[in-house]
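One chain, chain A, appears in both complexes that follow, with chain B as partner in the first and chain C in the second.
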Partner chain A sequence: MTLSASAPATATRPVITAWSAVSPFGIGKDEFVAGVLAGKDASSALDSEEWAGPDDHACVVPGFALREVLGKKGTRSMDRVTGLAVTAVRDLLRDSGDRRTASDEETALVLGTTTGSAQSMMDFTRASLVGERPFYVDPSLMPNAVMNCAAGQCAIWHSLKGPNTTIAGGRVAGLSALSYAGGLLNSGRARTVLYGAAEEFSNARAWLDHHRRGEDSTGALLGEGCAMFMLESADPTGSDGRALAEVLAVESRVYFGDDLREALAACVEGVLRRGGVDSGDVWAVSASGPAGSAGEQEREALAGRFGAEALDRAPSMAPIGDTAAASAAFQIGSLLSVAEQSAAPGGGVALVSSVDDNGVVACAALRLPVS
Partner chain B sequence: MTTSIDTDRQARIKEIVCDVLELEEDEVTGSSLFKEDHGADSLRAIEILAGLEKEFKVTIDQSELERMVNLDGVYAVVEEAINAK
Partner chain C sequence: MSVNVSDAARDDAASRVVLTGFGVFSSIGVGADEFAEGLRAGRSGAKPITLFDTEGFAHANGCEITGAEPERWIRNLPVEALGRATQFSVAAARMAVEAAGADLEVLRAQRGMISIGTTDGESYDLDHLVGTEVASGPAAMDPTVARRVSPNRLSIAAAQELGLSNVEAVTIATACSAGNYAIGQGFDAIRSGEVDYALCGGADAMCRKTFTGFYRLGTIAPDVCRPFDVDRKGILTGEGAGVLMLESLASARARGARVYAEVLGYGMNCDAYHQVAPNQDSVARCMEIALENAGVKAEEVDLISAHGTGTKANDVTESRAIHDVFGDAPPRTVSLKSMLGHTMGAASALAAIACALSIHHGFIPPTINHRETDPECEIDCVPNQSVEADLRVVQNNGLAFGGNNAIVVLGKYLDGAR
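Now for the complex of A and B:
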């Protein structure tokens, strides 16, 4: 008898069956689809009464007044990133309706982030330092200062009782979350996984970014939002027509120094090999496109491998700014937007590339359904 | 010398309690119970305590939570804490 660690490649591939977005285009998937396909600039001038950061423009979610969106109950102490995630999960559960057959106990949640809410962390620490006594702080704000606050609140609000995971991964967080979500399905820990990634705009984040931003990315606009996806094991018969995309493979690599091209090339080859994808079947390639040389190297490496036209078939993410942890999740949404408009060939493969100047690159291969 | 709690202070206490419990001020009376009538839990009680400590620059022992079950109880505890300063 022979034991093999690798299961048949096609038997365990998960499928995305629903998704939602709270983005600089507005609250809702339809707003995202329309905005990203039109490529319309979602930046706006920041109200100096409301924001006190270094930037005068950013791509914020329009009309996202948290207590107006989610109501006044249970939102007194909720911070922005949590509100964005809770709203995206709400819309995902609402729009997917009866399609989710898994119970709340069988439904997991995986959320990608950079560091939770930098604003909440700084506010809480500052309150303790500047108050008359170190304990003159609002205890209800303490949970916001923990990185997994948003994922936990999503589960509490929506009664999800399966595994609850936060993955801090910078720009590639959306792909790390997807990979982890697939693992939960394959290991039988959950029947349905709600996965995605969230990032908030805040004064704290804007200042942090301002001070670490290289000269080559001066003037980059920050964006925010959350995209969430429902991931399920593929129906073995493949006949129920629920799948919006089949997840063929997710890979990541690390690099040292300033040149990510070699790591990205290896990552791309890895994802093609593991997904069993012929590069000729790759129809569209979504680049993360961070400002500066990282973005230039990414585009150069991908165009060299797949041609500029494959890159151009994926919507540009520039109109929503640098959405950091949420960026790769929005890229997946942008490819599903193209597929929704029937602009993609059935069965074609779409690649998502994500690069971060923190030394990580990641790629995912998605097969769009045969319609 | 002890002072009894004045109406301004009572109004401010009520404001803090209503903010924490996410209630309108007309929903709360002096004797309505935070837990039984307004669905508060132990974390909310701690939030009320901490909010009052900060507002009135006092220290309230957590054992006082037993008495802080409604507004009247809170008025009494805050008054004692202020007098003890």
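Now for the complex of A and C:
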């Protein structure tokens, strides 16, 4: 029964059955669909009273005052990334209604992140350094300074008692979370997995990004948000018609130095092989498009393989800025947005590509539903 | 909870997962041999913290790693581009490959996974950036440091150092049970045939942020960590890395590798209850899930490596959960944190290595610093002295903030059927 690692996977392929988004286009999936299909610029000038980072513009979630969005109960100490994730999971569970048949114990949560909240982590240390005594810190803020805070709070708020996993995946986090979620279904550790990724905009993140950015990517706008998806094993009869997309394959690879293009090409071939996809069936390709040379290399590799038209059929993610850990999750959302508008040919395959300049590339193949 | 892999397949050498090599950085020893010696001797890693300024704290012991020189195992990457936790992770990964006797050229031709758990990522570096900001403003932050703080580098840099491109590199950030999560991910990936080998474990560097948080919560012990003791006062923060080489039994047999232990299964769940307080019922349920997945009965477990932080709340809750599952006479239950401190994301990985070494060498490591067992804990924690023992099944508990429980079950490798 054991497959060699290079053979196509024969286990039941998981399907996405619902999704939600809290994005620079607004709070809600409908806002995201409308915004991303219109290619509407979601950036705005930052209020210097509220933000003290190096940038004067960013793509923040409009109106995201979390105590207004989630209410005053249980939110006093909540940080922004946790609020974004708790909101997106709330919307996902609300919109999927009674369709979830898995119990709370059988429902897993997998959340991608860069580093949780850099702001919460750095604020905690700062309080220790500048306080009258080094331990004059607010203990209620300590959990925020640990990277699994958002996932744990999602579980508490929404009573999700299955496996609860935080993946610090950087820009590819959304695809790492998808791969991990598929593994949970395949191994029988969960019946339903809520997976996605979240990133907050903050002064701390903006300063870190400012200092790590190369000269080739100066001026890139930061974005934020969270997209969440419900992943389930496909009904073996294939008769329920609930699937918004079938996940054919997900793969990631590591690159060294400047061989991003080769690693991405190998990753794409791996996904096509595992997914049993003929490259002629690839209808749209969503590139992650980071600023600078990583983004240029990504685009060249994908355009060389699938043609510029395939790239142009996927909505541009530029209008929401660099949403970092949330970027690949938003890319998946953008392809589902296209499918929702019946713009995709029935059964067409869409690829999601993601690159992180720390040295990792990832790719997923999704089959969009027959409309 | 059902498992899709059939019982027949479980007996297949291709779907049994074994441990064939370890990379270890700990305050009681570097490398599996030194670590095993330290465990058997009941060595203590506790000492005054020197990594950050502790002025103003009434007490500041920790289990810091001194003189370990992880750079000796880092040959291809510029060490200054790696944060302290990443250095531990990268060096431990190379050590694990070498200890397993695996040929990197062979691994490069295969599909692999590198999964590293962490609590704090590069918070040690973030602390320093905050220090710069406080002194000179945020514009003065060092770009070299800013470039190394993303925690995904803990796994990516290990792959880069080893020249492994065809790998899934994952950093799991589920706090203090993250090492067990990583081992579980590798276990599933090998069993499903998704990968041929997996380097799994955890890494963390001590940092001011986490020390201060636990100190403020009143959970840093003034001198040493005394798990299950009636006078226990809390944890000592620690640091280090443990990386385990996982491969199928078929793969280990084919290359004639030494097998330390078999991974029988694991379980995960979430309390969905409180961010920092553990929940007895949920912890007990996680043990049941793990045992069921491993296909072992509670009475077959010979030893439990507890999460055993040495705080009032953890030790009593965990002991009670153990009683819920194992009844009135639970197996001996030790806490390695008495020796290693709380190494955060590395904790359950180092503990899993300790369990495998205990199985392989036939001993139970002690719970040191022990004077009088708390009557509320009611377990035999093997106080202060290791004992000889033939161990067939060992359970390794990992509990974390966020109610993130993960428990791994290891077994003695017996040729043929278990």
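Note that in this section the second predicted complex is superposed on the first by the 359 of 371 C-alpha atoms of A that agree within 3 Å, B and C clash if a C-alpha of one lies under 4 Å from a C-alpha of the other, contacts with A are read in each partner's own complex, and residues count from 1 in each chain.
The working rule: a residue touches a chain if its C-beta (ideal position, glycine included) is under 8 Å from a C-beta of that chain, and two chains touch if they have at least 3 such contacts.
Since the model is a prediction, treat every value here as computed from it, not as a measurement.
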Touched partner set for A:A308, first chain B, second chain C, both or neither: neither
Which superposed partner A:A38 touches (first chain B, second chain C, both, neither): neither
Contacts of A:P134 with chain B and chain C, given as first, second, both or neither: second
Partner chain in contact with A:K72 - chain B first, chain C second, else both or neither: first
Partner contacting more residues of chain A (chain B vs chain C): C
Contacts on chain A seen with chain B and repeated with chain C across the two complexes: 133, 135, 137, 139
Residues on chain C engaged by chain A in the complex (per definition of touch): 1-6, 8-9, 12, 14-15, 54-57, 110-111, 118-121, 123, 126-127, 129-131, 133-134, 138-139, 141-143, 146-147, 149-154, 156-157, 159-160, 163-175, 181, 185, 188-189, 191-196, 207-210, 212-213, 215-217, 248, 268-276, 282, 285, 400-404
Parts of chain A lying in touch with chain B, wherever the complex brings them together: 72-74, 76, 131-133, 135-140
Chain B residues within the chain A interface of the complex: 19-20, 22, 43, 46-47, 50-51, 53-54, 57, 59
Footprint of chain C on chain A - complex, ascending: 1-7, 9, 11, 54, 104-106, 109, 113-116, 118, 121-122, 124-126, 128-130, 133-135, 137, 139, 142-143, 145-149, 151-153, 155-156, 158-170, 172-173, 176, 179-180, 183, 186-189, 203, 207-208, 211-212, 251-256, 263, 266, 356, 358-360
